[in-house]
């Protein structure tokens, strides 16, 4: 039963990220096939990179549900795009849930592989946010991750909470739930209060030699 | 003897993809070294990604012929560029052959690794079309794959044909030939009749929150 | 003792590449977090790709010093940006040192894995120059590597020197030092005399079919 909830939340995250990819791809002369690819890359790009770095077979090869869920997101976007429009804030909520869930999945999987704590936190952040980076690179834009909002930082912060609870001896259920909730709340607060990091000012205008 | 034909067709695909990379790189302030890199990435990018995903050593490390063939393509493009120009449709034919060959190589290699059928089909498409995606990302363009033409879809369709023949018990020779021919013909038909998928229309113009 | 010098030079290369990433990211609407990521990708992107291709766990997972050194570079860039500006040529020197060091690291690591000579040279070049390619792709520019200067070629040339000394039976100390010095000098000469390769001229203007 608990297993099913994990799967359900993982696929909810997949769906949310796929929809987020489709929204950003829409109106940009991307055809239906390209749109599905963008949705897929947004949803599975982070976890695939994590698995390549950890030298294990990418998770989606073991279970076709990730491709199917992305397909469901794609069909939903084609059929219900006006409704999806009205669901703007719901979708944002989905994306935050996706970030929270994927952060937890990334940390737990790395921890089970015996990686050091700080590497696990990095893996959580990679799992949660690298899909969006691939999406933006494919759409020929500077990744949102680099330019604005607190996004990957919410995931990193969740990672710290994970290991706080872990070290304090809480059960993995509580640890994982608290991590996901932290990421989601950090993301909501960041967007609601327009929290942003400072920009990196020009260091060196004249000597662009290299 | 049969082995030699496989190698020959594989290298023909490499040559075709390298030339395709060079054509798209030409006239874009890319220097000779950069042009060779673009040609190489176009030719080996798909198969390298496939091998990384399957957790095996990239194919080109075992055999320097892929780098050498790309070099031959590069020198040909420098020496005979006017002739290559007149060969426009021949080159297109080469690219279609490359797509067909690489699709077959990708599927066969994945099948030999014991991957499920749908993963093999995905691997065939990755092998055939991801090199062109890397090429376009390096040239700072939205990948052609995402925007127009039936390209990866021809490869996917070939994958379905592969498993149809495979399940029906045909020999691997016939199965592989029919797959390559299907991909090539699908590609020719798509270009001849300007078959295109619909574009993904704007879902959501106002709430670009995330 | 010698071990410490290797580590020191490796981290010096990391610092140099991180600063190079920060300079190119500055003034481009990248926030602090994004700037750190750009610096990190510039510094570890090449070695990470090398390790993925060789099917070993990425080097930075074993030692947090690479992330920490990048952090030091980031803080330095924020605190001392005017001084860094005056250090223009010093920084260029650092980047050349980084390229030399990373080329050596890449070749030595590949050789220890038993890869053929030409693959080792390719791995040295990937280690030295792919981080800068990722940096440019993330900043949505055509990689400098493809467009101008002798950069990866200096690394390749160093690789040839490596195997010349190796085959002649010199100690690994001398071989590695001579390789690094060759790369650095080749890079200095290329920049001082504005050595550039020819550009790839348009092959084919009219038939951009594919």
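Chains here go by letter, A, B and C, matching the order in which they are written, and residues are numbered from 1 within each.
Keep this in mind: contacts are C-beta pairs under 8 Å (C-beta built on N, C-alpha and C of every residue); 3 or more make two chains touch, one makes a residue touch a chain.
All values derive from a computational prediction rather than experimental measurement.
Trainee: After chain B is dropped from the contact network, which chains belong to the same connected group?
Mentor: Remove chain B in thought and everything remains one piece.
Trainee: Chain B and chain A are one sequence twice: same or different residues at the contact, by the over-half rule?
Mentor: Copies use mostly different positions to touch.
Trainee: Whole-Å distance, chain A centre to chain B centre, using C-alpha means?
Mentor: Whole-Å distance between the two chain centres: 29.
Trainee: Could you tell me which residues belong to chain A and also touch two or more other chains?
Mentor: Touching at least two other chains: 52, 55, 137, 140.
Trainee: Mind pulling up the chain A residues that touch chain C in the complex?
Mentor: 52-55, 115-116, 118-119, 122, 133, 137, 140-143, 145-148, 152-153, 196-210
Trainee: Chain C touches which residues of chain B in the complex?
Mentor: Going through chain B, the ones touching chain C are 20, 22-23, 25-35, 37-38, 48, 52, 55-58, 61, 64, 67, 77-78, 81, 84-85, 88-89, 91-92, 95, 137-140, 144, 149, 191.
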